[in-house]
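These notes open a run of structures that come right after.
Okay, so chain A shows up in both of these, paired with chain B first and chain C after.
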Partner chain A sequence: MKIVGVAACTSGIAHTYIAKEKLLSAAKELGHEIQVETQGTIGTEDALTEKNIKEADIVIIAADIKISGKERFHGKKIVEVPTHVVIKSPKALINKIQADLGL
Partner chain B sequence: MNLAEIIKSDRIKLNMTATSKDEALKELTDLLYESGALSNKESFLEDVDFREKAGITGIGNGIAIPHGKSKFVKDTSVAIGLVKKGIKWDTIDDLPVKLIVLFAVNENDKTGMHVRLLSKMARKMANEEVCQRLVQASSPDEILQIFSGE
Partner chain C sequence: MLKKLQLKKHALTGISFMLPLVVAAGLLIAIGNLLGGNPSLITDYKASYTIWQAAVTLGVFGMQLLPGVIGAAIAYSIADRPGIAPGLLMGMIANAMGAGFLGGMLGGYLAGYFVAFLKKRLKVPKWAQGLMPMMIIPLISSIVIGLIMFFVIGKPIASASRALETLLVNMRGGSKVVFGLIMGAMAAFDFGGPVNKVASLFADGLLVNGIYGPEAIKVCASMIPPFGVALSWLIKRSRYNKSESDNIKIAFPMGICMITEGVIPLAAVDPLRVIFSCSTGAAVGGALIMLQNVGSPVPSGGMFIVPAMVNPLGFLISLGVGSVITALLLVALKKDARPDDVVLEEEEEEDIDLSNVKIN
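Showing the complex of A and B:
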């Protein structure tokens, strides 16, 4: 499946970036396409494109704070989790989403 | 961007004496203060404690990444400590923590290169193999090498 994600945490220094890497490597290992945007202290990086969002089967928001630009995902299926869920078991999360979507 | 700019041997302690989380945070804060990164260590520690209360910093695999975003940080930097016996910490896998990576970030340092370097270090710690090598590191140089590796 095609996944887009946004990662953000309280300080925007560490968890955001760990969560992103965990999502990327888990998705790759499970054979999914993924793009993850980070919203941290240093601003937004790897911003999702309209095309990314349009094509995505699912939006994963791994955040401990309110993210900006959530309206971009209007009409999409969204899964919201705190960063520690993604850091702890990224593969289980993705597998569950896949099962729920029946993809 | 070179991680050697931020991972300094005088801010790495591989034989920490701390037996609790509070002691470990204090020991690493002392390192940062002694090497000139902080203007006030007690106030910095309060900011670190504040972040600790906001959510767990034990990221599993024996590693914790406490961090303080604080106006008492002069130099955005990092202190790294190894406690061979392991100490109790709130972590995602309930395992004791051996390696503590304390990020000290200047509150106004929003786009600085050092903040970017810290996020690069954080990304590295998403890899389990990297984590396993870090907790077994035997020299500051080795720690730098592990973080710098591809």
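Showing the complex of A and C:
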């Protein structure tokens, strides 16, 4: 699968980046392509490109707060979870998505 | 229904927007008071004033903006951009009426849901569509929710806030200890997660109203887990395997900056013992803070803001005692790490129920 993700947490300094790392390593291990954008208190980093989004099979939004730029994903398949879900079980989440999408 | 309203997400968005402001404002007040010897606020801008008066005044401006900012951010979270203007105004009303932080939050929710409702339900002819976001929605929502704030909910919230303040200020002995224990345990319980955020929200709200004790508990309880874990590692290294030791070396410096999250990897491996030890240490730390009347005018910043606190020495004592208790509990409760854990680089995933996760 090709995955794009957005991570954002309340204080925007810790969970955001832990969530990103967890998603990256889980996806890599399971053999998926992934790009993750962080929306921390410092602002958006590693912003997703239009190409990333266009090619993605699924958008994973791991956020405890409202994220900006959600309209970019219009028409895409989106999964929204709190950050603790991807921090605690990123692989199970990705596997579930894969099963649900039948990819 | 409740789930659909996503109350928590909106509150967390509000807090995330508010945090940088409250830290800046709190530090300005603390630095100005500390270095300028509690200078008075600037009242007459034609007369001369000192740099410390300017710092404290600016900090107070920041604090007065808080209800507005959290109201605007909550309304924005609910209704997107059109929520901002009415949300700000509701916060201003809350601030003026003495309904503070809580009033700002409630105003933000009301404004947000009302704007979202207008966006969805209010139909105007095509020629007027440009007026919707620019005039119709901001005006109608500000009037309707504003009147509700002024005449219906503002006063009860203001008196509730005052009652809570009086209660906290007049607490003595036993009730102080109980309050400190609960606040401390909550703040440390989930290492920056939702329970911590509830305690945090409560402390931030009181800070805006000039009560500094709970905020000091929050700072202390956020630092006790990383400090306690690091101390237990120093006392008995055999309790931790290689990867845990590496995590502790990262968690400690994060702890100095009041970031508790570094302890999460350790708690994930051994949740019951780690959470119990950390919460107990933090609860004791919290009680000591209350007993010694420690206060923090700044909501975050760790060791760097200790000099700005009321009774910094008391804070260090609370922090030290809490950390030692956490460390001793960890040493006593944890078993030695199995050597084969060292090779086990693979982190185990927690089983959580993903059946609610829907693809849209």
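The working rule: the second predicted complex is superposed on the first by the 103 of 103 C-alpha atoms of A that agree within 3 Å, B and C clash if a C-alpha of one lies under 4 Å from a C-alpha of the other, contacts with A are read in each partner's own complex, and residues count from 1 in each chain.
To be clear about the criterion, contacts are C-beta pairs under 8 Å (C-beta built on N, C-alpha and C of every residue); 3 or more make two chains touch, one makes a residue touch a chain.
This one's a predicted model, so the numbers in the text were calculated from it and none came from an experiment.
Superposition of the two structures on chain A shows chain C clashing with chain B. Shared-chain residue A:I18: touches chain B and chain C both.
Greater residue coverage of chain A by touch, when chain B is weighed against chain C, goes to C. Touch criterion met: A:H84 reaches chain B and chain C at once.
Looking at the shared chain after the overlay, A:H32 reaches neither chain B nor chain C. Shared-chain residue A:G43: touches chain B; no touch with chain C.
By the document's definition of touching, both partners, chain B and chain C, reach A:D64. Touching of chain A by both chain B and chain C, each in its own complex, is seen for residues 9-11, 13-15, 18, 41, 64, 84, 87-88. Chain C contributes residues 9-10, 12-13, 15-16, 19-20, 76-77, 192-193, 197, 254, 259, 261, 264, 268, 349-352, 354, 357-360 to its touches with chain A in the complex.
Across the complex, chain C is touched by residues 9-15, 18, 41, 58, 64-66, 77-81, 84-85, 87-93, 96-97, 100-101 of chain A. Chain contact summary for the complex, chain A toward chain B: residues 9-11, 13-22, 25, 38, 40-43, 64, 82, 84, 87-88.
Remark: chain B residues 51, 54-57, 59-60, 65, 67, 69, 92-93, 103, 105, 109-112, 115-116, 118-120, 122-123, 125-127 touch chain A in the complex.
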